[in-house]
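You will see two complexes here that share chain A, one where it goes with chain B and one where it goes with chain C.
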Partner chain A sequence: MHGRPRKSSKPEDPAAEAAKAQLIRDLQSQLLANHHNKIYTKEALDLSAELLSKNPEFYTAWNYRKLAVQHALDSDPDSADSVLAVELQLAQRALVKTNAKAYGAWHHRRWVLSKGHSSLDEELRLLDELQKRDERNFHAWNHRRFVVALMNRSDEDELEHTKNMIEKTISNYSAWHNRSVILSNLMKKKVQEFSQKDQVLAREYEFVREALFTDEEDQSGWFYHLWLLDQTVKSESPLLVSSWPGHGAEVILLRGSYSLDGSFASPFNIYKSDSGMLPLILYFNQAVKGVSSTTVTVSLGPNVNKDVVWKPLSAANSHVARVWVAQLSFADVELQSLEACSVEVTIGESSGIFSSSGCHYSHPSRLAFSVNVKASRTESGGSDLEHISWGNENFHLWKPHNLDLNFVPIDQLSIKDAHEQAPSTWQAEIIAEEIKHFRDLLDCKIGKLTVARLLTAHDALISSGTSVHSEEILRLYGNLMKVDPTHSLYYKDEHSLALLNQLTSRRESLLNHCFQYVDSASSNDNNLICLRLNNLSLSRLGSLEKLLWVEMLDLSNNELQSIEGLEALQLLSHLSLSKNKLGSFTALAPLRQLKAVKVLDISYNEIGAHSIDTTRYLCSSPLSHSIESDWDCKEIATDGVNVANYWEAFFVLKPLKNLTQLDVVGNAIADENFRLFLAKVLPSLKWLDGGS
Partner chain B sequence: MSDGLPPYPPIDPTTFDLIVIGTGLPESLIAAAASAAGKTVVHLDPNPFYGSHFSSLSLPELTSFLNTHSTPPPNPAPPFPSLAARPLYSDVEISDFAPELLRSHSREFNLDLSGPRALFCADKSIDLLLKSGASQYLEFKSVEASFVGDGDGNLWSVPDSRAAIFKDKSLSLREKNQLMRFFKLVQRHLSYKEKKDNGGGGEEEEEEEEEDENARVSEEDLEMPFFEFLTKMRLPDKIKSIILYAIAMADYDQENTEVCKDLLRTREGIDRLALYQSSMGRFKNAAGALIYPIYGQGELPQAFCRRAAVKGCIYVLRMPVISLLTDESNGSYKGVRLASGQDIFSPKLVVDPSFVVLSVETSPLDPMHEQFRCLTVRDVKGKVARGICITRRSLKPDVSNVLVIYPPRSLYPEQMTSVRALQISSKLAVCPEGMFVLYLSTVCDNIDQGKRSLKAAINALVTLPDSESPENSSKIQSGIGEEAEPTLLWSGLYIQELTMASLSS
Partner chain C sequence: MQMGELAADEHVKYILSVEKRKDSLESVVSEHLRMNGVYWGLTTLDILGKLDAVDSNEVIQWIMKCQHESGGFAGNIGHDPHILYTLSAVQTLALFDKLDVLDADAVSNCIFLFVICFYAPNSHASLETLSLSFFKSDIAGLQNEDGSFSGDMWGEVDTRFSYIGISCLALLHRLHKINVEKAVDYIVSCKNVDGGFGCTPGGESHAGQIFCCVGALAITGSLHHVDKDLLGWWLCERQVKSGGLNGRPEKLPDVCYSWWVLSSLIMIDRVHWINKEKLIKFILSCQDTENGGISDRPDDAVDVFHTYFGVAGLSLLEYGGLKAIDPAYALPVDVVNRVFLGKK
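== the complex of A and B ==
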């Protein structure tokens, strides 16, 4: 049992043991014969009872008895009470005397009870007895839930029962768990005392706090606390978090080789597209389904565009995603028009958007921005293509020469919507109260972690713009990495998320990471602004909803093992992932969705260094589940090169039709054969590892 | 005096390996042990009941026992070295507030002379009961709860386990955490000690030890006074007091080293916590750390006497011993003369400490002293003030067998020693249904001090019927209603001398 070493059964006299085994074998073969011949006489039943009292795990015997019961009931329906009583007794004896965890016996008992002939009063007493012996016997807890439903016992009574069990042993994880199930139920049904979620949660926080302070080394209560925290912060219905273009943005869409006099517009809102397509990105707080031209209406000027096709951006080929993208076409807009075209997007006015748990998107929102198309008649012939070098010397801290700082994208990205609920203060208050208490437990690891989690939750609640406690959160995770090396990878992930949140939450801090790319060897002013998040020890990506505008991103010199979430950055054309810990092309799967990428640097990673691809077990969608049919070994086969090992690379890189520059040097996989393979697969490629 | 007694049948045989006088708990143990070892033993007691001053008596028996044992008996001029009863009790104070009611039930009481007494489940005496077989004559019930009290009548439950700490309403979150961490330190220390005692200390464990400095209490800390160690652990005063007096059961104010006669070192303190903790889980059906025998503490000596009798020990009650017999040639002990006039002989004699040997002046040089290697009363260690109250209504409505501790200074500032009070209900067959017996005791240097403490505790726990203005008291009772404190029906206070006997020479 839990935390108690199992005692080995007393060594029996081998002769006696052999005799017992022989007896059981004899009984089994006799039973099987009876079963086969459908013999349900009293002697046959007694035999099965004897067998089950010796070995209640013999499933077939229970099923045989079920048939026998059915047989008896068919021939004499009035005997039901007595026949079923015998079955209950037999199952009880097996559970109490032989094995309290015999599946067959529990199932048999359920089966008998569901016939509805037996009194249920005995059940709770039996359960009490068995739970006294092992308070975490999950069979007993399951059975309890079954019986309680059958008896129509009130949830309130069951809640009280969990309280009693917890008061006996605060380590009773089963009781805590059952409590969370019952409470969810009561809150959902809005039963009188449980209709005020804030009051219910406040009561529970107080209850579990007593347990946590009594013994902070016991896990059970912490799990419950985590559940409560989740209940406090989670919003049932999905919300739109950000978009690109943002509300009120004035986007300039450049077609062809039109070059802009750099002085008059913010580079953040300039988008170059030869085809005149502008991506529209919607970022939700949780995965949603049902985004379509009926649930999201897009009007260009006075006309509603019914042809907008929405695509979910998820690693798996599902129709559920946090990020959805549509391509708006401005190909038909008159060239050089001085009038900006206004675009209006309404989301969720007609129902149809749901969270994955089935919650309706209930806060319709509206976005409006303008698009100014600037185009030259000459198609760009690729003459502006230049080799990008990621060296430090090419980046200069970007100083906006326009004094008006309002263009900085974060302001446009935060969704301020009249429909949105006023930030509910009770959550923040509850969490502030928790923070106050748990500061007393900062001398233990779980206390530190909890305070860090609470502070993070609190910052997220009070406002989306600021992170008041970010310094403290970073300090806590930094300290945890040191004192608890076993879990340092987890803490590092959390540290990365907190750091990115801090960097992106304030305009000033974000501007410190914005650099202008100026190739010293070239005179061409290509007006590229690069967000440099290099050398930050990042192991995980976050806060991407605030970075939807990014076209050039430097993530080099971090500790990334995965780039999950990066697919949201649909504008991304230049990306450096150099000097990270990426272990395989599978870890780069989000790149498949980033079709605009022209320049990609994945040099000096660990691709091909691990014979076993560990990410394959961690990724939400192993590539092997979605191999597309265009993988044809023979077609790609190059002389003497075994390309079968490269299918992952093919799968990730093949969709990047615009890729002109790729750096793979410094990976175990990057040998001459691989380069030959890449040249074949990526015909658009101009520079591979610097060379043409 | 012995006129009313039936004529004594003569004891046969007349020579034994051992004569034991008095059937108190220690004497009964010796009788049982000697009989079990195959010795011939005769066990005598002048009283008509077993247990001497460890017995449980009915109300009239108790009153008369206390009275007779608080006055010195008339001294017969001893021709020989004679045995005389020494008055163990003094300052007996009995108040009866419901004489008629009690008279009608007087035989339904089993009142302990030596209360309050309860046994720790993990106490060595329990092992002895089990090993000797005496346990088969006994049945115990658990003392359900223990509390710490104050002068205002508040009772705070003693948070003695993780579940109790969790449920406790009076401790703050921080206090709960501190207390539990302290318990865990003690637990770690004990398991470290156990490992070491079992000679396990392999290299692996050595490493482990280095790894965690908090795994045990240092040698230095073990030698310091326990209360200083608790202070060092930064435990708040309230918790220190709970640990010292309600768990480690210290008698004297540990922080006042001038008056403290039982200053606990950390080592002893931890041993006492260990006893408490191992008591908690020892018996499945005992909820707490302490147990109490049905029919009262007097059952304990009786159980050992029964064990002795099974092994052949001869029992003679109502048999006073008049004098010791000495060998005329060298003056050494050879036997005793009984009140019946019969002489019986043995090479060894055990006498309970309430008897004194009144011998012709014995000086250390006297040859008789040398021949009389006997247990002598060495010194009076102090006094214990005891109180017995018969009450109506329990101290706490939902529990019946309860221990209450009043730590030093909790009742009044000059209180030097802790007062312990044990309430036993009629469920343990010690009183009529609906009544409760409340035993109290405190060690004291003098009578006034002891009685003052007892009375303060009684005042805090029960309502005293006000005999002068009965209207007033009835008003209070009806006014406060069901939640009122228990009312006192009878009380007896007395002082008992604590003696320490040791083998001289």
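== the complex of A and C ==
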């Protein structure tokens, strides 16, 4: 009962209403009787027409009419024109007189028109009439697209129609939407005056700006403007953004208990692996498919390695991901070999890598780095296992011995020159122009938000990694949190992204967060560099493409509800997420892909405290039909531990085969039963909440 | 009952009373969707912890009387089968843990038929003959088609039906019988530049349609097709000053969007972008605290549809004393876990 006042629910004239109810009930039951007995007499048809004009939602009556039409056409094929004309009238009457949103009536009309016997001339007139009454009726807009396609009306004419509608009422979001559909189509087809993207966009920016400046509260133009910005900056074809190892890196791969005098080698390029496997990570600017040993060639020395297996890092088991990883084997490299092994990677020379929208990877890139394997003949055997304590006293700001690029290779991780794509000037110009205009609108929410977005886009375009406007962007989001408190956490998330971008875009600022882990209670010099991003009130993670080198990460004392994207940090072995706002184990699903994690602190979060799990469907599970095998809780239910109660924890933690230290204290879920369960499913665990 | 609290007892009474007012004009003109009404009413009762107030055998018997020989369900006895009511029937049986009374293959086959009907919407063949030819061909024969779903044998196509077909088959453990990838591709083809989804390719984004598409993608593990930040911003801007949510830009708020918008925001993990307290207040202000029931806006006439969406919305907002509801299957979490995790 949309929009009917509560008071009138007691009918003014109960007798009249009862009579009306009785009449409709009789019509309905007679119609069903006729339908079941396949009676298509004139009288029966008239009855169905009367019913549909009174209650066009009665779908079985529309079905009955269709059967009656078929019946009539079967007995007299020449009657098609007149029979179908009656149906069009019936549908029209229902829409115009009774309910312009009756699905059944609209579908009946399309069903008749699809038969190709009727003139389409009436359709646009009818639509004009209905759209005059309700310009947002989405049934009418859908019907319009259907009719326009049948009539072969040109996109240009339809684009003009949206312009007229918008000029009549700027807050006609339906018309803005249809404009985006038609314009996308015209730009894709590169029809004459739509072939120059920069000119089309400049025209549209001006058009939508007028709407936005007319009424800044009206949302209709907001989304259109954001779409234009996206069209301006987005590269159609996917690009490689960063990798680990980076181009030019000199990696030292440590096997077994080999210990290295840390002062000579860059800790950023040391990787410990008993098995001699080195991960190679590729990070693209958008999700891609088709990364394989055919599209990416990896040469170790002179030999092309054809056996490299590429794995997409995606939450579900899809074959599309922004981050791909392969394990390169150096197990056969001769021990103590003095010579470093050179590795060359070429990406996209043979085609096959595509974006999810089907755009071809068209900027072949090349990476080269060296790997020096240092190994002892004895396996480490777990002797280096020690309890990690995240206390402040164990972290000392790391002072590099020199600031040489090879020693602190943070900048090398991003790929800038590989495809030599100079920032197109028209894009930067168009955005600069928009920034100028929108600075006049800074006294309202959408003005601030738009300027923040434009500045972010501008920084990403022209300053190749450094964020010139970051202070202003942070200020704008901080201000938006205050002026629009309803959506404050949206702005907070954006603020976190901007902050992380600022922090990671300069070497000096990133180094301020790099600490050396030195356990005062231990003599072992483990050479661990920890990136400490704690206490920053981060609600969201970002800029992870610049952090692929991180092995130890402290994110404690933030406001994270999710760790989306963290799966990219394939080297991660030590992670603290203590004192955040993580609400469930499914929120930790990215950990499933981080098989190297040994030490995990998720203490003092909100796991188990919520009845609604907001990441339930972002995690592979039987609910989303995205796990490899059928879920069988009996298989793992042992000794009275009810695994089904903890299936989320099971899914997330079970793949962490190297986990030796876990802290879960301070979560609602962490009772004695849960601890028992953890001990069962995590045999590698040595310390649970500090105790062994 | 104070304003500002959920009038739970009154809502239970209201739902039980709707049954008894079969003669009102309102129930006569909605006779054709009674199956939906049964699902809305009973799910509300379950969320309120009062499902045992109805006689489950009576309900199940009635549901089974609505089943057509093709396997699909009608909105009421004697009406035509439609995918809309087939889902409500399956959901209600799941609520009572009685999915085993169904011949799951018969129901799923009817849904496959609705997939076929899209390709032969003008066919003169009756449902029976189509069904016959379907059984002669094998399911693999369906796999080449483009993956959309029709509502019934008459070929109306809409992403609502994609959701319904996928949810229904999943609840019946028959999802593997269709080409899920094609079904997902069709939904993705309905994605708009604002991040939302429409009825058919090119159709305007609408919160109800977004729920259907995001829900279908969630059930099929395909949420990576959603631009979560873009759609999340569009969805969170549905919250208007009163705290209520609208379904499209520049429209009035309506309690039913507490479900469509909220469940979508939850599935993509962006629900923190709206103000939950203000929305709770708005939903509570739409209650009829005297006679029970919830309406679309304050002081409008109540109905079962809005009562369900209001209560389900409060459940999604973790309002106290309510059973949790699953955002994708629109059934209580314990029911969904029972179906998919074998959890008792």
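Please note the rule applied: the second predicted complex is superposed on the first by the 625 of 692 C-alpha atoms of A that agree within 3 Å, B and C clash if a C-alpha of one lies under 4 Å from a C-alpha of the other, contacts with A are read in each partner's own complex, and residues count from 1 in each chain.
Note that contacts are C-beta pairs under 8 Å (C-beta built on N, C-alpha and C of every residue); 3 or more make two chains touch, one makes a residue touch a chain.
This structure is a prediction, so every number in the text was calculated from the model and none was measured.
Chemist: Quick check for you: in the superposed arrangement, does A:Glu17 touch first (chain B), second (chain C), both or neither?
Modeler: second
Chemist: With both structures superposed, pick whichever of chain B and chain C touches the larger number of chain A residues.
Modeler: C
Chemist: Taking the superposition on A as described, I'd like to know which of chain B and chain C A:Thr660 touches: first, second, both or neither.
Modeler: A:Thr660 sits against neither chain B nor chain C.
Chemist: Could you say whether A:His610 touches chain B, chain C, both of them, or neither, answering first, second, both or neither?
Modeler: Second partner only, chain C.
Chemist: Can A:Asn178 be said to touch chain B (first), chain C (second), both, or neither?
Modeler: It touches chain C, and chain B stays clear.
Chemist: Who does A:Asp440 touch here: chain B (first), chain C (second), both, or neither?
Modeler: A:Asp440 contacts chain B only, not chain C.
Chemist: Regarding the shared-chain residue A:Ser48, is it in contact with chain B (first), chain C (second), both, or neither?
Modeler: Touch status of A:Ser48: no partner.
Chemist: On the A-aligned overlay, A:Ser237 touches which partner chain: chain B = first, chain C = second, or both, or neither?
Modeler: Neither partner.
Chemist: Could you say whether A:Asn534 touches chain B, chain C, both of them, or neither, answering first, second, both or neither?
Modeler: neither
Chemist: Okay, in this complex, where on chain B does chain A touch?
Modeler: Residues 162-163, 165-167, 173-174, 176-177, 180, 184.
Chemist: Where on chain C is chain A touching in the complex?
Modeler: Touching chain A: residues 23-26, 28-33, 74-75, 78-80, 82, 121-122, 124, 152, 154-156, 170, 175, 180, 192-194, 198-200, 202-206, 218-225, 230, 232-234, 236-237, 239, 248-251, 254, 266-269, 271-275, 278, 288, 295-297, 299-303, 306, 315-318, 324, 326-328, 333, 336-337, 340-343 of chain C.
Chemist: What residues on chain A touch chain B, complex-wise?
Modeler: 166-170, 209-211, 213-217, 437, 440-441
Chemist: Could you pull out which chain A residues touch chain C in their complex?
Modeler: 1-9, 11, 17-18, 20-21, 24-25, 28, 32, 35-36, 55, 57-60, 62-63, 66, 70, 74, 103, 107, 110-111, 114-115, 136, 138, 141-142, 145, 171, 173-174, 177-178, 180-181, 184, 218-220, 222-223, 226-227, 230, 287, 314-318, 320, 356, 485-487, 489-490, 493, 561-562, 564, 587, 610-612, 614-618, 620, 622-626, 631, 633, 644-645, 647
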